[in-house]
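As structure tokens, here come the structures.
Both complexes below contain chain A, partnered by chain B and then by chain C.
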Partner chain A sequence: MPGSPSEPYDLVVIGAGPAGLAGAVTAARLGLSVAVVDAAAQTGGQYFRHPAPGLGAARPQALHHDWPAFAELRGRFEASGAAHLAGHHVWAVTRQDEEMWSVHALVGEDSGAVGSGTGSAEVSGSPSGGGTGSDGEGRTHEGFSAERERPVRLQARAVLFATGAGERHLPFPGWTLPGVVGAGGAQAMLKSGLVLPGQRVVVAGSGPLLLAVASSLAAAGAHVPEVAEASGYLGYARRPRALAANPHKLLEAAVHGTALLRHRIPLRTRSAVTAVHGTDRVEAVTVSRLDRDWRALPGTGRRIACDALAVGHGLAPQTELATGLGCATRRTPDGTHALVLDGLQETSVPGLWAAGETGGTGGWQLARTEGELAGIAVAARLRALPALTRSRRVRDLARRRDRMRAFAEAMVAAHAPGPGWTAWLDDDTDVCRCEEVTAGSIRDAVTALGARDARTVKLLTRAGMGWCQGRMCGAAVACLAASGTAQGTVPPSADRRPLAVPVPLGALAALPEEPGHA
Partner chain B sequence: MSNSSSDVIVVGAGVVGAACAYYAARTGLSVTVVDRGPVAGGTTGAGEGNLLVSDKEPGPELELALLSTRLWHELARELPAGIEYEAKGGLVVASDAHAMAALRKFAAAQAEAGVTTEEIPADRLHEAEPHLAPGLGGGFRYPQDAQVQPALAAAHLLRASGARVRTGEEVAAVLTGANGEVRGVRTTAGELHAPFVVNAAGTWGGEVARLAGGRLPVLPRRGFVLVTEPLPRVVRHKVYAADYVADVASGSAALQTSAVVEGTPAGPVLIGASRERVGFDRTLSVEVLRRLAAQATALFPVLAGVRAMRTYAGFRPYLPDHLPAIGPDPRVPGLLHACGHEGAGIGLAPATGLAVARQLTGGEPPLDLGPFHPGRFAAAA
Partner chain C sequence: MARTPADLVRAEPDPPFEITFDGRTVTALPGQSVAAALWAAGILAWRTTRHGGRPRGAFCGIGQCYDCLATVNGEPNRRACLVPARPGDAITTQEGHGHAGLAV
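Let's turn to the complex of A and B:
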């Protein structure tokens, strides 16, 4: 069967969200053998989350007006013949030879044991294992727990990266207090666990997700005293054509806007939570007015009592598996890095494709469209049928993709963090929480030791070396490094994480010997 | 003196460049350091911070290492504790009695050359390292082996030197006068003037030499380091198997791995060392990771359940005879080389910097620099 070392798959799709499923369905329909690997137990990805089994949730669609469209896609996937390899944590993809890729994954007995990078809802929940390690967290030397994970290697003639995006966090004083959760994390908690982060939840940050989160929280029974959006919404007005061409997006915004009105939730633009108050957990937040550069205007702080804060600053594409193979990236209008893709979703490295948020955030409909395009392109290449890519269907998909992509870029541009946000940080605010590195020590590395980029800051302070490997603090560290001095600033580069998830040494040692080494 | 002129320009803001700047500035010279990347952005930032005498056979490199060991000890008192200097000692272990006999012979020769060694019989290995695998043939402890955090060491050396540091500025040309003597460099940001230029560009030292009309056959020799999750102190020394010494001395292009295992003050255990000549290819090699993990868990079985959090590759600056190039270029007056330290640059940096500073000021060299003379490759040109 495909998957044994002797028989590779034509296509391995990494990620079982809308992009990955659409790509798999399409490629399988065109005659390819396909496997979809994903860390989660069920398909759907970050957006179409299933309630955990055992909660007895009969109607996940209640939280999702798009659920029927997903159910249709899932149905086609299940009938497609493509394999679904759940609970697979991909830690690297490597080139085996000119025509073959190796996808290296860990399969745990408890598939929740390895972080996939985006699943953690609690901003305040320590990513564990942080600090100096000298306390050992109560573990004895005999008690290391990772031995049950089994390494698996899949071979593929083509790979489709549909790994989605992770939430972008910007730190501020008090963000490590229990009760502070990621906005996307709050929504994920709601969808998969049907639990609320608190009773009175302030929603803050930037981006259209905030509106969706606020209305979901309110619909689930929380009181949302306020949504604080750091940008204005005027940014959209600068790209009227992208807006006019995407009426469904306006409709979505109107739905959420109506929901906010119904629940009487005020939306304050050019406002941000600049401090969190509380001793053991969140008791209140300070919301300040911002200028155009996101600097807090003195004297505008208002204290709002609450027991939770859901905060998010958009999404950052998860590209490390692809960048590890040399795939080129581009800087998005909001300062993250996304894969460079051609008109048929191929990366700069032939044989590797990507779809969905890996090419820039843009929502599930764009992801599904790109997945289908990629599926066709892979089949055209592997079956040597270039005519497949010249069909009317491909032209339609490409047109839709371009339209939605243009809108997405306009949207992220409107919500790009202003340079003034770093002034919210006290010197003793932890920026890297895994390694407990403060804003002060990062500023010191920049001003005194000459760090000009995130990698050098990491080498000199350990910021980004901990459990989350900089997924949480990377954006903030890059901003702090760049704000040190205009002279000699090294442009920020895309994340490089040769190990996409931690791998037990025992599992590495148990890998089969790679061919081609003396 | 204008902002663009100084007594000496050091090309390279890694640990060797930083040490050259530090010792040159201490003799009263004004120093400018230029690097196309950031501080410690090349091989220094990818190193483990080994300050080793244990892996060196008697000869010129060992002499350099012994001097450096003393200098690092002094620097540890002069620089902030942030450089994470640890005089923790090395432990070389032999797999069986046969390997132990060879190691004993090697250590005896080292002791003759001034290295402090201490034999640890097989039945006492676990007192030194409680988590070592059972059944090993014994080992030798080397108390002079130490460690620093290399990027911090380089950054603090640079800061303490008081040198002007120009990062993100690539040297595009070496400026020379009527008689071919060095007058400075032209970078992407303009001209810098100095009567001396020190090539401390590490693995890229060959390119800098070429810009000046010199020749230095530096080649990259790739190595991977595996970094685990933070642990309590599981590994006390820098521990490696005796085969490591043979790998270091080999010039083979093929992949060689021999695990070097050590804990760090921050908690993670570092696992090196692989060697292969594959150019500047950073692509992950799963086979290298497999071998490193297999060898490390063979030495310390307890590590099998520990997760590797990350891995990174670096490129050791390799010269054909495994010795660095330290001293004046035979053809270009005013150009000095201080590069090609292979995997030992962190350890050998202070002695190199001191030697270069003495040469810049016409002082007595701190040791015989003959074996390191850059002109030794000229005949082959």
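Let's turn to the complex of A and C:
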């Protein structure tokens, strides 16, 4: 059996979205043993998140106009022989020796996969070289709550990072009130749980995701009084070639635009929610007009009654597993960091590949294309068949990737946050949600104590030191820290976290010593 | 136009079941997370913060922000947006770090 748990895998793919599935299907077809690990119970990643079987959704495509393409990819994956290890939260990838990587994961109930009938617990119960805390029967050796969290280590000759992106958030007064949810978060809860955060949901922030979120919330029965987009859409017009080369993106925009019209949802550009009102939950928001630099124009605030706000400011690639291994990153046009990749999707560290949003946000079609390219490249390397990468198929895929990547870069540039957003904050606004660190404390750290970067601010104020490890506030803290420097804005530093998810000390203690690190 | 998310995807769920939130009965559907079941009941907050005692609930919806931590069957710090709801689950508002009973 390919990828039998007692043997190292040729390829471990991290992430079961379009990039990961395409990479796995391709590598398996070319003869590699492949496992796809993912935190969720089902394949699809964030974009193709869909209801659990128990919800009995007869028409999941109603929430995904690209559903047939995903169903086709999923079908090929299920027939590919690649293993699907659901409910695996990968917290680190380490180098075992010159030819082998270790992929460390926690399997547990927070994954949503326990008892879901995927059989993943059985598949992963005794992977490659031992080191688990459980005997697969639910009993524990190391004092873990077996039902809750169980460490697993997989061995891989190559790793494909298909870890996608997270939503980027910028704070504003009131953004911690219940009822304020991530735009992507509202979409995820709707797609997986068939629920809405409220009846009247304002959608705000920046980026093309907002249109998709507004149209699906409205289709699902919410009233969306308004979409407030902080940028204009003129940015696209400055890159006519990228637009002309990507007609499918124009079609997508037309689909969402038509949906907004049908639901009579006004789209206000150069506008942002600059305050949320309510004591224990959202009761209304203030939408203000912005200038070109995202400064709120005085006197333009309009109060809109609503019971929820879905807000997000674009996507940030999830690169922490790769950067932990030294993979180089580049700054994207909207100030996030993405992995630097070669023409065949390999990172700057040989043996580690990446596909999809980890190399810069660009949508699921780009992700699928990059996944296939990476799958071919990994097979060519491991099977010592370099000719595989010189095929016509590879040339076609590379051309398609370059075309879509050019559009993606133009798109994110059009939605790059302007420096003026920091003026939305009053001193009492919590910037770090976990540690409840206010904008005032961060400004003090910058102006009175001389902090010039996010790390110094963190050491002085605890901003970014909580449960989420700065995932929610990192971009904002970096911008506030940079406000004390001459250049005004510096990019947030690329994520470097030794552990990508919180790990119980018991799980670390139970790790076997690795040969190269004894 | 669909009236509810379930109408939109023509959902025919398996039979619903009951959980409790701070003692109040809440109906959940098989396959929903704890957070989804609470949202469906109009409940948006199930945690108070450690310093300000402010209410919080689900924010990122995908397990990254840890704002949705809840006490599930007596165990604190569970991510409600990931934990599947199960029949009879007792969800309680998590106060602070959730370990007040342990005096740590």
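The rule we apply is simple: the second predicted complex is superposed on the first by the 463 of 518 C-alpha atoms of A that agree within 3 Å, B and C clash if a C-alpha of one lies under 4 Å from a C-alpha of the other, contacts with A are read in each partner's own complex, and residues count from 1 in each chain.
In this section, a residue touches a chain if its C-beta (ideal position, glycine included) is under 8 Å from a C-beta of that chain, and two chains touch if they have at least 3 such contacts.
Model, not experiment: these values are computed from the prediction.
Colleague: Touching A:Leu211, do we find chain B (first), chain C (second), both, or neither?
Modeller: Neither partner.
Colleague: State whether A:Ile376 touches chain B only (first), chain C only (second), both chains, or neither.
Modeller: In the superposed model, A:Ile376 contacts neither chain B nor chain C.
Colleague: Should A:Trp467 be classified as contacting the first partner (chain B), the second (chain C), both, or neither?
Modeller: both
Colleague: Is A:Val287 touching the first partner chain B, the second partner chain C, both, or neither of them?
Modeller: Neither partner.
Colleague: Which partner does A:Glu436 reach: the first (chain B), the second (chain C), both, or neither?
Modeller: It touches chain C, and chain B stays clear.
Colleague: With the two structures laid over each other on chain A, which partner does A:Leu309 touch: chain B (first), chain C (second), both, or neither?
Modeller: Touch partners of A:Leu309: none, neither chain B nor chain C.
Colleague: Looking at the overlay, does A:Arg95 come into contact with chain B only (first), chain C only (second), both, or neither?
Modeller: After superposition on chain A, A:Arg95 lies in contact with chain B alone.
Colleague: Of the two partner chains, chain B (first) and chain C (second), which one does A:Ala275 touch, if any: first, second, both, or neither?
Modeller: A:Ala275 sits against neither chain B nor chain C.
Colleague: Given the touch rule stated above, what does A:Ala219 touch, chain B (first), chain C (second), both, or neither?
Modeller: A:Ala219: touches chain C, not chain B.
Colleague: Could you give the residue numbers on chain A that contact chain B in one complex and chain C in the other?
Modeller: Shared contact residues on chain A: 435, 466-467.
Colleague: Over in the complex, which chain A residues touch chain B? Could you list them?
Modeller: 92, 94-95, 102, 104, 129-136, 139, 141-142, 144-147, 324-326, 435, 445, 448-453, 455-456, 459-460, 462, 465-467, 469, 488-490, 497-499, 502-506, 508-509, 511, 513-514, 516-518
Colleague: Can you check the complex and tell me which residues of chain A touch chain C?
Modeller: 39, 46, 51-60, 62-63, 109-112, 114-116, 148, 166-167, 176-182, 184-190, 192-198, 219-221, 263, 280-281, 308, 433-436, 466-468, 471-472
Colleague: Mind listing the chain C positions that touch chain A in their complex?
Modeller: 1-14, 29-33, 35-37, 39-40, 44-45, 49-52, 54-67, 69, 75, 78-79, 81-84
Colleague: Report the residues of chain B in contact with chain A in the complex, numbered from low to high.
Modeller: 13, 37-41, 45, 131, 151-152, 155-156, 158-159, 165-169, 226-234, 254-255, 265-268, 271, 283-287, 289-290, 292-294, 296-297, 302-313
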